[in-house]
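Here it is: the structure, laid out below.
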Amino acid sequence: MSIVAGLSKKPVGSSPGSVVYVGKENTSPISISRIRYGLDSCEPAQIILPAECRPEPGQKGVSWYTIDGVHQVESLKTIGDNFKLHPLVVEDIVNTTQRPKIEDFGDYLFVAVKMITYNSEARRIQAEHVSIICGEDFVLLFLEDEGDVFEPIRQRLAAGKGSLRKLGADYLMYALLDSVVDYYFQVIEQIGEDIEDVEDEVVVQPTVKTLRDIHRIKRELIALRRSVWPIREIVNSLLRDDSPLVGKEVRIFLRDLYDHTIQVIDTVETLRDIMASALDVYLSSVSNKLNQVMKVLTVVSTIFIPITFVVGVYGMNFRHMPELEWYYGYPAVWAFIVFLSGALLAIFKRKGWM
Amino acid sequence: MSIVAGLSKKPVGSSPGSVVYVGKENTSPISISRIRYGLDSCEPAQIILPAECRPEPGQKGVSWYTIDGVHQVESLKTIGDNFKLHPLVVEDIVNTTQRPKIEDFGDYLFVAVKMITYNSEARRIQAEHVSIICGEDFVLLFLEDEGDVFEPIRQRLAAGKGSLRKLGADYLMYALLDSVVDYYFQVIEQIGEDIEDVEDEVVVQPTVKTLRDIHRIKRELIALRRSVWPIREIVNSLLRDDSPLVGKEVRIFLRDLYDHTIQVIDTVETLRDIMASALDVYLSSVSNKLNQVMKVLTVVSTIFIPITFVVGVYGMNFRHMPELEWYYGYPAVWAFIVFLSGALLAIFKRKGWM
Amino acid sequence: MSIVAGLSKKPVGSSPGSVVYVGKENTSPISISRIRYGLDSCEPAQIILPAECRPEPGQKGVSWYTIDGVHQVESLKTIGDNFKLHPLVVEDIVNTTQRPKIEDFGDYLFVAVKMITYNSEARRIQAEHVSIICGEDFVLLFLEDEGDVFEPIRQRLAAGKGSLRKLGADYLMYALLDSVVDYYFQVIEQIGEDIEDVEDEVVVQPTVKTLRDIHRIKRELIALRRSVWPIREIVNSLLRDDSPLVGKEVRIFLRDLYDHTIQVIDTVETLRDIMASALDVYLSSVSNKLNQVMKVLTVVSTIFIPITFVVGVYGMNFRHMPELEWYYGYPAVWAFIVFLSGALLAIFKRKGWM
Amino acid sequence: MSIVAGLSKKPVGSSPGSVVYVGKENTSPISISRIRYGLDSCEPAQIILPAECRPEPGQKGVSWYTIDGVHQVESLKTIGDNFKLHPLVVEDIVNTTQRPKIEDFGDYLFVAVKMITYNSEARRIQAEHVSIICGEDFVLLFLEDEGDVFEPIRQRLAAGKGSLRKLGADYLMYALLDSVVDYYFQVIEQIGEDIEDVEDEVVVQPTVKTLRDIHRIKRELIALRRSVWPIREIVNSLLRDDSPLVGKEVRIFLRDLYDHTIQVIDTVETLRDIMASALDVYLSSVSNKLNQVMKVLTVVSTIFIPITFVVGVYGMNFRHMPELEWYYGYPAVWAFIVFLSGALLAIFKRKGWM
Amino acid sequence: MSIVAGLSKKPVGSSPGSVVYVGKENTSPISISRIRYGLDSCEPAQIILPAECRPEPGQKGVSWYTIDGVHQVESLKTIGDNFKLHPLVVEDIVNTTQRPKIEDFGDYLFVAVKMITYNSEARRIQAEHVSIICGEDFVLLFLEDEGDVFEPIRQRLAAGKGSLRKLGADYLMYALLDSVVDYYFQVIEQIGEDIEDVEDEVVVQPTVKTLRDIHRIKRELIALRRSVWPIREIVNSLLRDDSPLVGKEVRIFLRDLYDHTIQVIDTVETLRDIMASALDVYLSSVSNKLNQVMKVLTVVSTIFIPITFVVGVYGMNFRHMPELEWYYGYPAVWAFIVFLSGALLAIFKRKGWM
């Protein structure tokens, strides 16, 4: 999850409210679908044109528009004009680097969040910018890529189970946010598994790969934290502010969602603490291993260097070296060497170096 | 205490309020017992069926239902329907990964906490999800496993001592929470003993096992902290919020419980500080030992490498090497070697390396 | 970006409100330009004298004065007197080490911020002190150096696009602040690229240069943070305080600017976290490499030192050394050496040192 | 100062308000003394029985009861009943592991603090649990051990100097707390001296003892902090809450005490910062010394290993080695060795290793 | 700047409000001077006796008393009685270890701050305890040592420039505090220069002196921070509290002073961050250098140890060693040695160790 890429693609000094797409290049057309539903009915999803994506005052029930892709600035402007959205809102929908936030414009609420998934091959978190506009009787859902993460909600709508059909657009907005937060739990659980692997490695056999993994996980957690903290503020603001768009019954569900968000944050912070501890253990482990290596070197050197000196002495070519002539000179040297080595070994044993 | 296991077993996008058990698999039936008591009487515990677990308006006194096991979703739904619990509450009772929390639904309070015990064999904290529903004249206690940790309360009820029989369901809820917090003190004391062992090892003889212990204790403290912080919020909320379910007399006891919770938190934070310091000392100790090892190696090498060179010189086979012919050549070399070693030893002594 | 230079150039004990220039020396004259604009008209920029820089009550529309250079104290005093600015304000305009701040003097708002740019050659952030006075129908913009960073705003004014001509002096102040914050995004993106370079180096091939880069980037981030935190307070104060100078329509834009500022702060904190992690990785990497080096040394020494001892033994000149006379003595020694080396190699392989 | 000892001696699940002594075992009887004083009179201290320790409505002036020892639970219960103390208060008096706290029961205030002294032999802080009950016209002071730390207050009472006789029981409570806080200053000053010793050692000659001292001082500071933070809350609560038991005149003195408490906290935090810095310096110092040792080893090895190789070459026994026959072969080798060593020494000098 | 010296010189249990001097011993008499000034007049400074230092109700204008020295307790008590100061105030004036604070006694304000200067020889911050009493028409300034740091204010008074003569005693108090804060800027700038020196050393050539400097600067910053944080609270309290002694016009100046204090704090925190980073770099640098040293040792050893073994082989005295008899045996050994060394060098080059 890149943290700074695309932050500044919008030209400096350009007019606020100017709509500039900053995400990855994309030439495929954007697709818009609409689901209309009420207590008793649920029309299946219909593909519509940007111009058709507008309020229909006469219509009963809730209209849910899903816009897949935010790279066609003109289409989005059309939709923005249809629903009388503030230019800054359209700018924020298109700006995929936008930080998660909520804004209450009276007639509608604007919520931007990051939808995250875990790419288990690249072992990387992928973030998608998701914007939700919630009005009296409509919800606009803007997605960066085409995708089907909200399919279960559509199925629940079609099945008519649960509270989705009974409660209004505010409950749909809640259900979408709830799905987004559920994905955070999934990603956390997968990072948690990575962490358990790293924790095992770190004491037993720390390698450069372990270090790289620790750094990668720490980065992912930093990025995760960055995405989830604002969601807490968003849900809290939905709960606390007295927007007439959010009904009393939905607030109970939002309270539950708030608890989930706290749990995500809490788990991320806990994992960060664990990773910090793992890195400390890594450093200590490496130092420990170095110690081990050095002890071997020292023991070997300290035993052999003196006895090598001894045999060097009797390799000298002085004419007058009485020991060389002794009959038991050679065995005596061996005896001395064995004694010396034994004594040194005993010392090292007592020092606990062996 | 696993931190992420089971976080995401509930399918993403499933309906909020859908009840999914996420704990370890369990096929034994759940058992429900009921104790009815009042100022003058206390019926002994009776085993009842889920369907019998429901409010009895005519009844006087307090009914305390203990449900051992939360893995039979249907039974819990029945109980939830009987007591008109919000679907989200039943979901939270069953979800054993739920973070501790309190929710005031007007007619009843829902409290979820973690009951912890210390498995001294595995040297691990074990957490059990405990949910309490406190109504006007009943308390529902949901336990993850069968167990008898609240037996002393039952005995106090039977004996009729203390305030249990005098005060209502709110006091029973307080007594249950107080028991839970008492267990935290026990666990902390046992971790405290582990820490004292580690502190002794860390300066005197740090090994890889010490490091592993430090990491393990830090993890346990992180997990402990995670469980106890929300309890503080829960008790504070019981104290501060004006729920008519919590009487004035019980609030004095809750204030005391709040102090205990603060003391637990405070001790956990203190132990974390001590462990952080212990890890620093560990690292420094390992560095110190490395230093010691290197000094030995350096002293030995620095003394023997030069004198080995000297004897090497007189092992050369040049035809014209006048020293070799000298009569006192050999003793002169020895004299030089002794002098050199002595000088080097003196230098090392002055440097404090020996 | 120097953090302390020039802090104390003003003589201690000098009268508050005394105007002393503390920036780099500068003898070029300061230049003042004025743009007058309204809903329907926009006069081009005109060069004027300090004395002409004063309120013109009869005039309709907004007057925007740009003062390039704050080193000519007398001129600034003249302008201050013309607009009846508090002496402390003029002191703060001239004091280029002034921390960003906002003050509401009733008739006008005084805002001081740091305009930052990234000097990609020196790889250093450069900061310029920018002061803005916003009155009912005028804006005074004081710049430390001549420069054209606000040119796009002038062009938008001339073109009459966007809200600039429709809304008043408060919107112009907003537009100026928005441009300043846009530059922060640019600088952050460039630092972000530097960080990615460093992160690559740090695991693969850490050098002294990497260390220097880490320290430099950490310093830049500290300086950046120091500049941007007060801007958050400034924008928040504009939003929250009920100054009649800031209109309701402009507040929506300020809310957006506030979000941008939060995003800058958030990104800076995230980058700081990443750099902290990178430094930890650096240290671990260096320890790892040391370990690697030591293993090579130990393996080589531990194999060759014993066998060198063996050959030393048979270099001794004792008269009575039976092995020397054996016919297969020499090959036997070789066999022993090969066996010993092989055994040691096998041990090192099992230990994972090779 | 043990942090966890005795935390959990009370049986889990025992009735709240059950009085269990958890301190060190003690069989000596507890002694109770009473001082009665008023504006004009001061009765000397009288030894009384627990049953006599009770309110005397007719009596004028203030009665100060000192109870030395909290290990005789029955006596304390008698006193508690006499003064109609809440059972939880008696529990907290007896529980010597109780965290410092204040509770306002309307008729009386309950304050528990830690009295600390510095055992300069063991270089350890010793804490004593002190409980104060302050009523309209009486003060109960419960001490864990017999001792005379409040003797100066008794002397001031007898002498009739200062405000003690003029003001009521609230001022006596203030005077007791003030004495307790004064002891904190003494302890801090003694720890401060220890720290100065450690700081000197840490750069000059760091040893394992230094490390042990650093860890010990850090622990003492952690314990100190834990004792003093709650006192701040206690004094603040006395100042802020509108208890009719605390008079206006005494509040000025409490404000001063509050400042002292802040100063203690502030100094403890500062000392903690200094110790953290000292540990960093310790680690760096140890690394530095290791560097020094390694440089010596490397210089010696790098000079002697090559020249030892050279002399080894001419110790070979090849039949055809022309150099061996040269007349100046031997001096030539010496010349080469001297040149080589000189060159290497020059290189090391340039590198700054010598 | 010693942090704990003198904290506890006052006897434990002594009466609050008892006046005990705790600073360095001093036998010189204290000197008191008075300046009377009004809008049109300014009497020069007059030396007066302690008894003359008292309110003069008939007098117009402001009287500024400067008391140089707080070691003569009796004189200070006299002054305290004359101005009806609370005994605790006199205690705080004399207690030079008193933490900076403000207290509003209705008739007068009591402000205590630390005046700091940088002793550039000892490279140490020196702190002086300064107390200010500000009444309706008088200011009492108590200094620990004689000194002239407020001389510029006296000159501005005499010259009649600025607001000093126009505004009252509150402005004089402001001017004194402003001077004190100006000195903080000077000290910070000098520490900043020290830091730049250290930063240069730390990467290029870290020595033990660098380490000592880092520790010293960190300590100075800790002490500085300790002095300046309370000043922020003091100025904030002057701004926020509605004391009738502080006029509206002076509050604008206090707002400016508040900004300066924030800037001091902010700079100190920034410098602390930079020093923390510098210490990390130091540690990394030392590790780097160790690595460098070890590589040299390893390269030298790994090349020479094997070839020394080779020449050792042919120094053996076996009777049957066919190679020794070969005509080209000697050159063959040289060829092998050159080849082996070349191969090892190539390996090290590829590993980047040379």
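A, B, C, D and E are the chain letters, set down in written order, and residue numbers restart from 1 in every chain.
The rule is short, and it goes like this: a residue touches a chain if its C-beta (ideal position, glycine included) is under 8 Å from a C-beta of that chain, and two chains touch if they have at least 3 such contacts.
Quick caveat, the model's predicted, so the values are computed rather than measured.
Undergrad: Identify the chains adjacent to both chain B and chain D in the sense defined at the top.
TA: none
Undergrad: I'd like the Å distance between the centres of chain A and chain D, where a centre is the mean of that chain's Cα atoms.
TA: 41
Undergrad: Using mean CA coordinates as chain centres, what's the gap between chain C and chain E in Å?
TA: 26
Undergrad: Could you say which residues in chain D touch two or more other chains, in rising order?
TA: 283, 287, 290, 294, 297, 301, 305, 308, 312, 315-317, 321
Undergrad: Output the circular ordering of the chains, read from chain D in the direction of chain E.
TA: Order around the closed ring, chain D first, chain E second: D, E, C, A, B.
Undergrad: If you look only at chain E, which of its residues touch chain C in the complex?
TA: For chain E paired with chain C, touching residues are 149-153, 156, 161-164, 174-175, 178-179, 182-183, 185-186, 188-189, 191-193, 199, 203, 252-253, 255-257, 259, 262-263, 266-267, 270-271, 273-274, 277-278, 280-281, 283-285, 287-288, 290-291, 294-295, 297-298, 301-302, 305-306, 308-309, 312-313, 315-321, 352-353.
Undergrad: In the complex of these two chains, what residues of chain C are touching chain E?
TA: 3-5, 7-8, 10-18, 86, 88, 92, 98-99, 101, 103, 205, 208, 211-212, 214-215, 218-219, 222-223, 226, 279, 282-283, 286-287, 289-290, 293-294, 296-297, 300-301, 304-305, 307-308, 311-312, 314-317, 321, 323-330, 333
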